[in-house]
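To start, the structure under review is shown below, and the notes come after it.
As written, the chain order gives the labels A, B, C, D and E, with residue 1 at the start of each chain.
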Amino acid sequence: GSPGTAGAGTGDASAAKIAFLMPDIASTRYELFDKPLFEAKIKELCGGCTVVYSNANASAAKQQEQANSALAQGVKAIVIDPVDSAAAATIVNSAKAQNVPIIAYDRPIPDAPADYYVSFDNEKIGSMIAQSLVDHLKASNVQGGLLQVNGSPTDAAAGLIKKGIHSAVDPSGFKLLAEFDTPGWEPTKAQDWVSGQITQFSGKIAGVVAANDGTAGGAIAAFKAAGTEVPPVTGNDAELAAAQRIVAGDQYNTISKPIKTVAEAAAQIAYSFAKGEKPAGKTTLFNTPSELFVPTVVTAENLKESLVDTGIVKASELCTSAYAAACAKAGIK
Amino acid sequence: MKNKTQTAPASLAMDLQDERLQDRTGLKGQFQAFLDRTRSGDLGVLPVIGGLIVIWAVLQALNPIFLSPANLVNLTMESSAVGIIALGIVSVLLVAQIDLSVGSVSGLAAAVVAVTSVNMGWPVWLVILTTVALGAAIGWIYGQIFNRFGVPSFVITLAGLLGFLGLQLYILGAKGSINLPFDSPLVYFAQLAFVPIWLSYVLVAGAAAALFATDYFHSRARRSAGLSAMSMQNIALRAILLLVVLGVAVSYLNQSRGVGWMFIFFIALTLILNYLLKRTKWGRSVYAVGGNPEAARRAGINVKVIYTSVFITCSTLAAVGGLLGAARLAAANQGSGTGDVNLNAIAAAVIGGTSLFGGRGSAFAAILGIIVIQSISSGLTLLNLDSSFRFMVTGVVLLLAVTLDSVSRRSRSSHGRA
Amino acid sequence: MKNKTQTAPASLAMDLQDERLQDRTGLKGQFQAFLDRTRSGDLGVLPVIGGLIVIWAVLQALNPIFLSPANLVNLTMESSAVGIIALGIVSVLLVAQIDLSVGSVSGLAAAVVAVTSVNMGWPVWLVILTTVALGAAIGWIYGQIFNRFGVPSFVITLAGLLGFLGLQLYILGAKGSINLPFDSPLVYFAQLAFVPIWLSYVLVAGAAAALFATDYFHSRARRSAGLSAMSMQNIALRAILLLVVLGVAVSYLNQSRGVGWMFIFFIALTLILNYLLKRTKWGRSVYAVGGNPEAARRAGINVKVIYTSVFITCSTLAAVGGLLGAARLAAANQGSGTGDVNLNAIAAAVIGGTSLFGGRGSAFAAILGIIVIQSISSGLTLLNLDSSFRFMVTGVVLLLAVTLDSVSRRSRSSHGRA
Amino acid sequence: MPSEPIAAAGSPQLLSLRGINKSFGAVAALMDIELDVAEGEVVAVVGDNGAGKSTLVKVLSGVHSADSGTIAFEGREVTISSPAAAQHLGIATVFQDLALCDNLTVVDNLFLGREISPLRLNEVDMEVRSWELLRQLSAKIPSVRTPIAALSGGQRQTVAIARSLLGDPKIVILDEPTAALGVAQTAEVLNLVERLRERGHGVIMISHNMADVKAVADRVVVLRLGRNNGDFRVRDVSTEDIIAAITGATDNVVSRRSAARGTGQGPTQETDAS
Amino acid sequence: MPSEPIAAAGSPQLLSLRGINKSFGAVAALMDIELDVAEGEVVAVVGDNGAGKSTLVKVLSGVHSADSGTIAFEGREVTISSPAAAQHLGIATVFQDLALCDNLTVVDNLFLGREISPLRLNEVDMEVRSWELLRQLSAKIPSVRTPIAALSGGQRQTVAIARSLLGDPKIVILDEPTAALGVAQTAEVLNLVERLRERGHGVIMISHNMADVKAVADRVVVLRLGRNNGDFRVRDVSTEDIIAAITGATDNVVSRRSAARGTGQGPTQETDAS
């Protein structure tokens, strides 16, 4: 047969379709931030363009289907956050075979270089949240060990975060009491596991490194339910709920990714590709022209500046009646 | 005829006069009756309890913290939410249907709880009412589709699984994850409300007394109607046994935080469902529909109403489970109710001895099944295994736990009682 | 007796002599027979095809790319792996059992393929053989546990789901994801191997000729045995119909990449399973065991062997599906086989009309069901919806698609044929 | 042998069917059936296997709906849309396939749909009533707390018959009630039918046993291949005539068997086909 | 009435049971049962409902295993561990509950487990054979391609009987084979039993119909409440004696009914209890 679609560089870029393929819904950011920001930027750049959005719900095979279907629709560029960085090589190959440029977003595709890579680095995120916690514990001179709540054992991104966390925890001098790969990132699973560790290591837990805000919430609920003091707990994603817990003093940190910057950069680059240009990378990673952005660790100290003032979190949503007092204390209104 | 009298003595109870009935009175008779039941696989929940004891022993040997009071308290609290969902599953399985959407419905309920109570500031009673009503409405819709179009419940509830997951995501909307404040009464109930020690013993004594009274009046009524009845000795023995078992359990749990009100709530729901299933016309109809829907219809039972009522029961309990799950986590998020909530709830019902083919099972299946599942999960949690080993060991232990039950039940079917 | 002759004319075929049989020969009779079948809900797969057409029309109206050749080619390729797994599910459902572990087994197979072919460098034939043998071994184990201990298949395969997921994680090890090289024959087969245009038409013609020949010889045998038989006209009509339908479909697909060998493989497996189920003693026994295991046992069928064979069929097909899934993705990872593979495979079988209660269904259920599911999923992918809406719409469309089938089937059960 | 229903002498009509049709796909199971039952009348419906007797019963008891035709009950035209509706009218039925729930016990099945005190089942009363009913039918059931699955064929049939006597039906339909019963139980059921007649109930009894039919029925209605094929007063008709109407010929296997053995063996010619 | 098996005159023993016991929980269904069947002999097993007849049949056909006791077949002691084993020995059984697969068609059920050419079913031959068998039994089945679920009770029973004639059994066990059959079909089955005897097969027939028993059986074995309660040569025994052995008393409901009607009505005293 013949290829079903025309490649990029041909046809009219002012009515181009651009695919935006996100990996899962377990993390709230993709539909909450990445998608709307990306869409808005594309609209701004090119009023007639449309974004074809799909979410693979954590299945690499599903993502492959979505990519194929985007290609069948004749998209002019694909922006993909791969479910599985290795397996996404197939998608890169089929896109290239049809002359459609492909931009790796958030996670790299090492085995088959994409046309561009825009990201912050998951491994780095893991090490940053863990390091921040370790530093805090050292500063406050606590004794004891750490619990580590990782993400889903079947999620490649979770594996990267886990690796990053270890890189900070292992040399820290704090004993790693136990670690757990939370199936499906489920907060209740994390809660049940932490509950068990509290009985097992009662009094010995100095802190918990949780790989995202959902599992952090589960860990905190476990301490609350056990009626014990909540030790410092990390998070990741800068969810509103996490911000509230940080304000209230239940959670120690989370990490805020400059999603707006990244999404808009990706939109810009994708549109350039769609027009047939070849944007140059700021650096080269995995053989791919790349641009990397640095996330910010958010704690009670810098929450106002990094989340509220930047508009990532609205003060009105943050300071609901239950958190009004804490907000006031932190000077957020 | 050999040396057996042809007609039974007139003094024998009305239901023991058949001369083929072997004597099963007195202590020896009771032992014989137990053997009969063992051989015919009619032991009820005993084998499941046996399986549970085996699991507990093994896990305790692997990690001595497993049977510590604190961990058992965790176990009871962690079992409650999914256990309540499993109760609903038992009732749909009894009519040989399935509900795959309990996870989504519980997640939706969690989302509704969070949005109404946090974002909209509704009072707790209204939140609870709304959630329960939502669950009931979903079940009612399932019932209508099932009765009108005859779509298999597997498909209806599969559609529900997807649809209500979507609705949950939509309701959580821009937030994604909503915290319930730790001082909300719901969260307090699910995390920190424990029965005061004195009250816990009062409850135990009350339970034993209630068992005694029920047995006693039932037996008196039977005797005065000329039927065989439990002996006074037996009645007292049962009550004392319950008293001792519950008393020991409670005093052990009281060494840590004690018995959670949420767990009491779960047990209360189990007892209520058990009453409804075993002692009311509705329950009888449920078993009949599960056993032979056409016979039930011909007996004049409104089979459609029964199906609808069962779907409503299941969805409502799923919503209640979701509410408690959210309260226990002190949050509702996109992951609420996803993952293995469905599978765990269904598995709990099946492991407890409920048949997927309808007409066999009891409310107690839910409680036993969920405790088996949570024990395995909690026990392995304490072992700090790799995920890969954790999954493998869970599978093997689960299988072993159920095999005991199945082997005893199998002799039942080979005795012609499937 | 009114004006009907008492004895039928001797010239009538042996199976049409009963005088209560209304005349169903000739064109008018055939139409009448069709009406009979409609009223009694005996339309086979027609309603499912009707549902499929409705879905296609709606999705095409929403996005004109949906029915483009390129997208349909994608659809066929994406249906194949899970479709093959669904074939296995059909066979276990036919004996009223379930296999919840097909996802894990397919994931395990994917992992084994990746490890043996990439890390250990085994030749392709050995890799395939190993995978198939692994699937068969798993099914055999299930069969043994089921037959020996009578553990419900739900529980056995739930344990399998967990256990083999653990094994998959273990085998993939720390890396978590292994790519298959793009030049491996497996990947070529699953991604790029399409039937040459000339061959595709030859295959179509062959299929029509085969149908004609089968019908013709069957009908000749019946007629010579004195039984009623299809008329020559009818036989020709069927063959021509098949020729036209397949011909149009193939030529349409050929406008894009054409018909993938993997899809041909899926269809071939379906036809083989259909043959085994419908035309062999084994298949007959499978239906018998599903309908009434005790009657099957009393008829001298070795029921245990049938159960084991069916579990083996299912696990083996799951492994083959996993192999193809890995080949299509050109990778095996920790997520292979997880997610909704299980649910999709079971749902495909059920949507295609296989009963969860055993004894009713056909191999074609798998192909139709998976195409319904993949159509919805692919159609909605083209629509750029939020996840929340996507889930909701999927649920609703799924329900609508199946309702048509169920309504037609319901009249069947109200006519006493459940 | 076109049929003309014979009006029952004197007593008011309880049930009359006119022009009932029912097809299953290509098989026409009932064609233009007429049937009348008066109060205190026992009507036997006989016919060959597959003649449509059970289908007729199912139409009457709301299990199937007729394709066309009218049913009048106590003079009013009624539609019987469900078994519950039939019970409501006062039609109690013992089905040929018994329709019991295998997983429930004898007591449960007896009182299914008619439990005593629905919100708090009175098990004791139900058990006592069960024993009474079963004794009355000479049932040999060791325990009423065994599931139906564990009963013998005849025991099940006795349970089904006992079921139909609960409530106070106006008309009792018995589809081959004695097929699986022992000699004593059969005699009890025949006694029971006679008691029902004395109390003014209508009874429709289907049977292949001509001796039973001749013993208790007032009228015999013959179905053949889904059509009426005769309606006789029992006292006016011989067994041979009924059998001829059933088989559609006076020279049939029954008469031939009868004749063959008549020259050979025993004294029981008239009914040995039963 | 302790039982002493009567040795069949001349012909070699085909089957003999000694001391068979079987309990279901607290119910002793069979106690110390003895039974002999010789070649070319038709043995009727009679007894009240729940007497244990079907349980005995199930023990013989490998459905249940006996708790104790020995079974000798053609002189050798055998264990019958499964229905397949029983078929292998040459024991064909028609069960009281028929044991057909409702979802399969008539042809499928007839040939279940004995399909012609297992790897490529010969549907044409099977259908032709089916029609032949069913014609022979005067079955009124409109189409052999309908699922069993759509058949009437008697049609099903005919199918089950036809099933047992496939293969070449040495002994045929019929558990109430004529219970649901019409008069013509009953006569055909009795003819069939006589043909089986002529061909030297052993036949065990269970029936509640004394007329049928007296018509075809050589010997009558009576079970009562799970025990042997008599073993008679048919030509030496009267119906009344058999009924007395079944019910355990000479003054029973059957004889009372007989007596009451004897003074009143018809000519069919001797067999009206059947």
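Basically, contacts are C-beta pairs under 8 Å (C-beta built on N, C-alpha and C of every residue); 3 or more make two chains touch, one makes a residue touch a chain.
Protein identities per chain, from UniProt: B, C = Xylose transport system permease protein XylH; D, E = ATP-binding cassette domain-containing protein.
What you are looking at is a predicted structure, and each value in this text was computed from that prediction instead of being measured.
Taken together, chain B and chain C share the touching chains A, D, E.
Across every pairing of chains, the maximum count of C-beta contacts belongs to D-E. For the pair chain C and chain E, the distance between mean C-alpha positions equals 43 Å.
If each chain is reduced to the centroid of its CA atoms, chain A and chain B end up 39 Å from each other. Residue positions of chain A with contacts to 2 or more other chains are 25, 31, 153. Counting partners per residue, chain C has 20-21, 169, 386-388, 390, 416 as the residues that reach two or more other chains. In chain E, the residues that reach two or more other chains under the touch definition are 24, 26-27, 140-143, 150, 225. Applying the touch criterion to all chain pairs gives A-B, A-C, B-C, B-D, B-E, C-D, C-E, D-E. Contact residues on chain D toward chain E in their complex (touch as defined above): 24, 26-27, 47-51, 53-55, 96-97, 138-143, 146, 150-155, 157-158, 176, 179-188, 190-191, 208-212, 214-215, 225, 243, 246-247, 252-254, 256-257, 261, 265-268, 270-274.
Those residues of chain B that touch chain E in the shared complex are 1-2, 6, 19-22, 24, 33, 36-37, 39-40, 42, 415-416. Within the complex, the chain D residues that touch chain B are 61, 63, 82-84, 87, 93, 95, 99-104, 108, 112-115, 118-121, 123-125, 127-128, 131, 140-145, 147, 149-150, 163. Taken together, the chain C residues at the contact with chain A in this complex read 65, 68-71, 73-74, 77-78, 81, 169, 176-179, 182, 191, 194, 197, 253-258, 325, 328-331, 333-336, 338-340, 377-378, 381-382, 384-388, 390. For chain B in complex with chain D, the touching residues are 14-15, 18, 20-21, 218, 221-222, 225-227, 279-282, 284-285, 287-288, 290-292, 294-302, 359-360, 416-418.
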